[in-house]
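What follows is a group of structures, each given as structure tokens.
In the two complexes that follow, chain A is the common piece, with chain B as its partner first and chain C second.
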Partner chain A sequence: MTAVPAWSSSSGAVKPIRAIIAASILLLIVLAALFAPWIAPQNPYDMNAVSIMDGRLPPGSVGDAGFTFWLGSDDQGRDMLSAILYGLRVSLFVGFAVTLGAAVIGSIMGLTAAMAGGVVDSIIMRFVELQLSFPAMLIALMLVATVGSGLDKIILAIIAVQWAFYARTIRSAAQVEVRKDYIEAARCLSLSRWRIMAVHLLPNCLSVLLVIANILMANAIVIEATMSFLGLGLPISRPSLGRLIANGFDYLLNGAYWISLFPGIVLVVVIYCINIIGDDLRRFLNPRGL
Partner chain B sequence: MILGRLAQGVALVLFVSFLAYVIVYHMGNPADVLASPNATAEDMARVVHDFGLDQPFLTQYFTFLKRVFSGDFGMSFIVGEPAMSVIAARFPATLELAISAVFIATIVGVPLGVLAGAYPEAPLSRLAINLSILGISVPLFWMGLLLIMIFAVWLGVVPAGGRGAVGTFLGIRSSLFTLDGLHHIILPASTLAISQTVLFFRLANAGTREALSSDYIKFARTKGVGERRILARHVLPNILIPLVTVGGLELGSVLVFAAVTETIFAWPGMGKLMIDSIGLLDRPVITAYLMLTVFIVIVVNLAVDLLNLWLDPRLRTRAR
Partner chain C sequence: MDAPLLEISALTVAYPIGGRDVPVIDEVELTVRRGEIVGVVGESGSGKTITAYSIVRLLEAPGRITGGSIRFDGVDLAMLPEEAMRDIRGRRIAMVLQDPTATLNPVLTVGAQMAEAITCHAAADARTVRERCVEALRRVGIANPEERLQAYPHELSGGMRQRVAIATAMLNGPNLLIADEPTTALDVTIQAQILHEVQRLLEESGASALWISHDLSVVSSIADVLAVMYAGRVVEEGPCDQVIAAPAHPYTRGLLDAFPEANAHGAPLRQIPGSVGSPAARPSGCSFRPRCRRATAACEGVPERREIRPGQFVRCFHPLAPGEVA
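== the complex of A and B ==
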């Protein structure tokens, strides 16, 4: 039968306290982002609510708008706390959308390569290797520079560079499974390829998929932030965390540290939590080949 | 093995050249940037014709490919000089940044990784391992901003950007040979080094743990070899192979992240040039940058293979 992933590592039981704390913090952040319109002091996209007179206020000051800018304001007079909450929505959405898209495409390609073998396998894997031998960030930069910026285009560009990582990992995990008896049995029952792939093969590659999806989701958020920072990502009208940081960079040397600092801290906390969860997941699930 | 690598390299060059060309070809209309804002339609047409932008797509590609093999990437649309020489002029600055970063990563990451692997239960080792996860979680560009904020704005000990004075040593011109240059490079190099440091740390850590549980280490211990000598003479050579391999494979991303670092620190390297060129739609410079990068990646991959053959005698017999 199939190997059920044991919730312990080879070197004794690992207590997932670290991962539970990280998951709780991450959950709080996701909830805060989801409910941003209700909890943010200000709607940062509403130009009527934003007063330029409140521009570059240091953290803790009370502006014309009558509320306290706990994290300061940016050059346009936007409340940084509100901008961060709204920016989180963009960054997290990019992370989820890219992970979903790249994982689906990559898994289909990886499972197909492992199932079919032979020429199909060679063609898919040659292409994957070729793509992986060139830096992902560079390809994403070029794609976005070509098709222009915008939320949908950023997501597509990052999917286009990330699917190959999923394909390679899923294929190597599936190759081990394909040789096992239960797949042989399913083939003897003349089940369709799709059914074997989806119902029998995929569930047994799930632990590997989970671990790599975790790493790559953090990676997708960082790629988006970096591209937005370079000015090749999302426009300032609906800023992600990366764009907020880039916006603050211009004022950093004048001492207005808070515009870049706070969005960056939130970004790092999100990525750190995801990576901690990923690190512990890898230890618990202990998949081979990772 | 070497022949296979070479074939793979040629395939990669062709693949990237086509990809670069297709991508860059569809990237806006450079005539809009080239011609002055109040140019007439006639002026525009002349600009388009002069730069060969009115030729069919494949014709432009083959012209491009033919030129590439003779080292000619065309004139930069912006500065009007050969694209390759524009890049070549900026290359030394990027190279010294990358070398400094790899140097920092090696002298910090490898010893710490070996020590943390040798004493996994020590509180300091646990701290270092947790910090290494934090290290991969901090986006490079924000790390750069943080360092500028702390060391340039608040403490004022180093400049926030730019390349310092360039000195000459043994006929090589580099800012690494002047005090002012070193003063300028320390922040960008440390920024660029962070992800490599974490990577080297984790690889050295995992490799050391694995090596320490092997029979040859147990045998060395039985012989009474000292702990320090075991680490330096028996563990280190055995963990070098994955370090060299991954370090080499990561060079491509070092070059890309150098572009980000250069943008933050106003470092006049070829990465910043590429980012600027994307904004200015300077196609010849972008394609020249991509081709140079893919060339460097391939050469380094080959060098890594050769280095591994030299480091690991077992590979030599297998390769025959």
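== the complex of A and C ==
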């Protein structure tokens, strides 16, 4: 008996099991992060709730406060489960905010380049290429190092890194669409450039935008985690997943593996789920040029 | 007699090729009177579409109008600022393009796209817009127009889509409809239906039309005036019946002879030898010269446009007399 492929884009009859599972897990994680203040055993930001005496307890221990540290505690005595849930909020917020900002800026730039062509197109695309020729992490680190750390600055830095990817992809998709007759027909109706861009061009590039936004969202979360890990991100008082991993790094060889390991696993699961969804989305929508 | 609606004179459009301006249409003369349908025929590359796009000033860069005038209702469109042109384009001059499968935006409903045509030129409330769209669809012979407004283009057949495109073009009550081979992509039966409906629509609204096609039989069935283009020039223009009955330009004669219907059954089809060639490599003088059996040394000069019979203009040194074979 031959195995039924998990997902076949041509038939459309087979359900994308993989993506559905990934989306369910991701949804669960997002909900857990959203409702963290209600489901977390401890508020890790509240210094009164944290007891230094509970520091570095292994998973499953019961601390002074009387609840079980299912995932252990860190050196400050913070419950890791609570810290991860709160850390997820930060990481996911960065992911969404960056994606929204970069997608909007990148789409406007890409659509403008495709619509205008000529000199405008050249200027925008040379700028995009210049930026893409530097490693994303390098630019993000440089920006944060100059403007200082903080949630808003990190988001702005990653937007500054990522808009170029959106601009390039949207432009190539829009260039195909711009040549089609319905755009010519819209011009014949004397619609304004903005209207043609927003109402006619953008919706036809949406499938491409959706796929790249998915991939880049995972990327944004990873960049933030990396910066936090390197100490350029958010302070330990408001830790993201990356900062939690960095925090436990010092104790890894002392046997306190749980401080780094569990946030790491959650980060990997989140990124993996997003990438699987993006992958199947791409096969399903089959956008050109990706 | 009142002034013609559209009067194109000595219109030249050039594209820079290899550092010099190469004219793709050269001193085109074309007149559309009020309520008249002017058919423009010619092979691919003869400049029909370029002429149409220069009227609405949507020539693709780097092409540009290098000479001549396009007088529309007393205004020279070639000189008009873009702001004023926008008001005319889509409202007073409407266009229908060739491929109905591509002229509608696939992600918007028919209703949304039609509504745009109204609201981009004048403020109107949703109810009025809807009523006008329904009425416009009804007039092009679409059943259940209310339902069709909710449909997406892929849910409609090719003929239906072209009807939608025509209805959209007629929404603002244009004075001039420019149709660029609107029925070429359709079945012959659908084509006949649409031609009939457009003819009726134009008659009702009193609008004029510029009907572009490479198919002489389509054009001759609908046009009042026929203009034949060859290699960027209008080589012959005149009342449709008169031009068909007594073509003066050897090229028009050739086109008519190439009609399968014009041929005796079983006889080999007559054809015009050679092809149009690219604008950059056009011969000097009369560009039909290399393919013409009547060509002489005189044809190395550019033939002037002259009235050979009342209302019939031709650009040829050796025009045909009525009934004469090329």
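Note that in this section the second predicted complex is superposed on the first by the 277 of 290 C-alpha atoms of A that agree within 3 Å, B and C clash if a C-alpha of one lies under 4 Å from a C-alpha of the other, contacts with A are read in each partner's own complex, and residues count from 1 in each chain.
Operating definition for what follows: contacts are C-beta pairs under 8 Å (C-beta built on N, C-alpha and C of every residue); 3 or more make two chains touch, one makes a residue touch a chain.
None of these values were measured; they are calculated from a predicted model.
Trainee: Following the overlay on chain A, give me a clash-or-fit verdict for chain B and chain C.
Mentor: After superposition on chain A, chain B vs chain C: fit, no clash.
Trainee: Which partner does A:199 reach: the first (chain B), the second (chain C), both, or neither?
Mentor: Only chain C is touched by A:199; chain B is not.
Trainee: Of the two partners chain B and chain C, indicate the one touching more residues belonging to chain A.
Mentor: Chain A has more residues touched by B than by the other partner.
Trainee: After the fit on chain A, how big is the angle at chain A between chain B and chain C, using C-alpha centres and going to the nearest 10 degrees?
Mentor: It is 100 degrees after superposition, to the nearest 10.
Trainee: Please indicate which partner A:238 is in contact with in the superposed arrangement: first for chain B, second for chain C, both, or neither.
Mentor: neither
Trainee: With both complexes superposed on chain A, which partner does A:138 reach: first (chain B), second (chain C), both or neither?
Mentor: It touches chain B, and chain C stays clear.
Trainee: Does the superposition put A:272 against chain B (first), chain C (second), both, or neither?
Mentor: Once the two structures are laid over each other on A, A:272 reaches chain B alone.
Trainee: Between chain B and chain C, whom does A:222 touch in the aligned arrangement: first, second, both, or neither?
Mentor: Touch partner of A:222: chain B, not chain C.
Trainee: With the two structures laid over each other on chain A, which partner does A:187 touch: chain B (first), chain C (second), both, or neither?
Mentor: In the superposition, A:187 contacts chain C only.
Trainee: After superposing the two complexes, find the smallest distance in angstrom between C-alpha atoms of chain B and C-alpha atoms of chain C.
Mentor: 20
Trainee: Just to be sure I follow: which residues of chain A are touched by chain B in one complex and then by chain C in the other one?
Mentor: On chain A, the chain B and chain C contacts do not overlap at all.
Trainee: What does chain B use to touch chain A in their complex?
Mentor: Listed in rising order, the residues of chain B that touch chain A are 8, 11-12, 15-16, 19-20, 23-24, 26-27, 133-134, 136-142, 145-146, 148-149, 152-153, 160, 252-253, 255-257, 260, 263-264, 275, 278-279, 286, 290, 293-294, 297, 301.
Trainee: In the complex formed with chain A, which residues of chain C make contact?
Mentor: By the definition above, chain C touches chain A via 56, 58, 61, 86-87, 89-91, 94-95, 97-99, 102-108, 116-117, 120-121, 165, 168.
Trainee: Where on chain A does chain B make contact in their complex?
Mentor: Within the complex, chain A contacts chain B at residues 129-130, 133-139, 141-143, 145-147, 218, 222, 225-226, 229-232, 242, 245, 248-249, 252-253, 255, 257, 260-261, 264, 267-268, 271-272, 274-276, 279.
Trainee: In the complex, go through chain A and note every residue touching chain C.
Mentor: Chain A residues touching chain C: 117-118, 180-182, 184-192, 195, 199-200, 203-204, 206.
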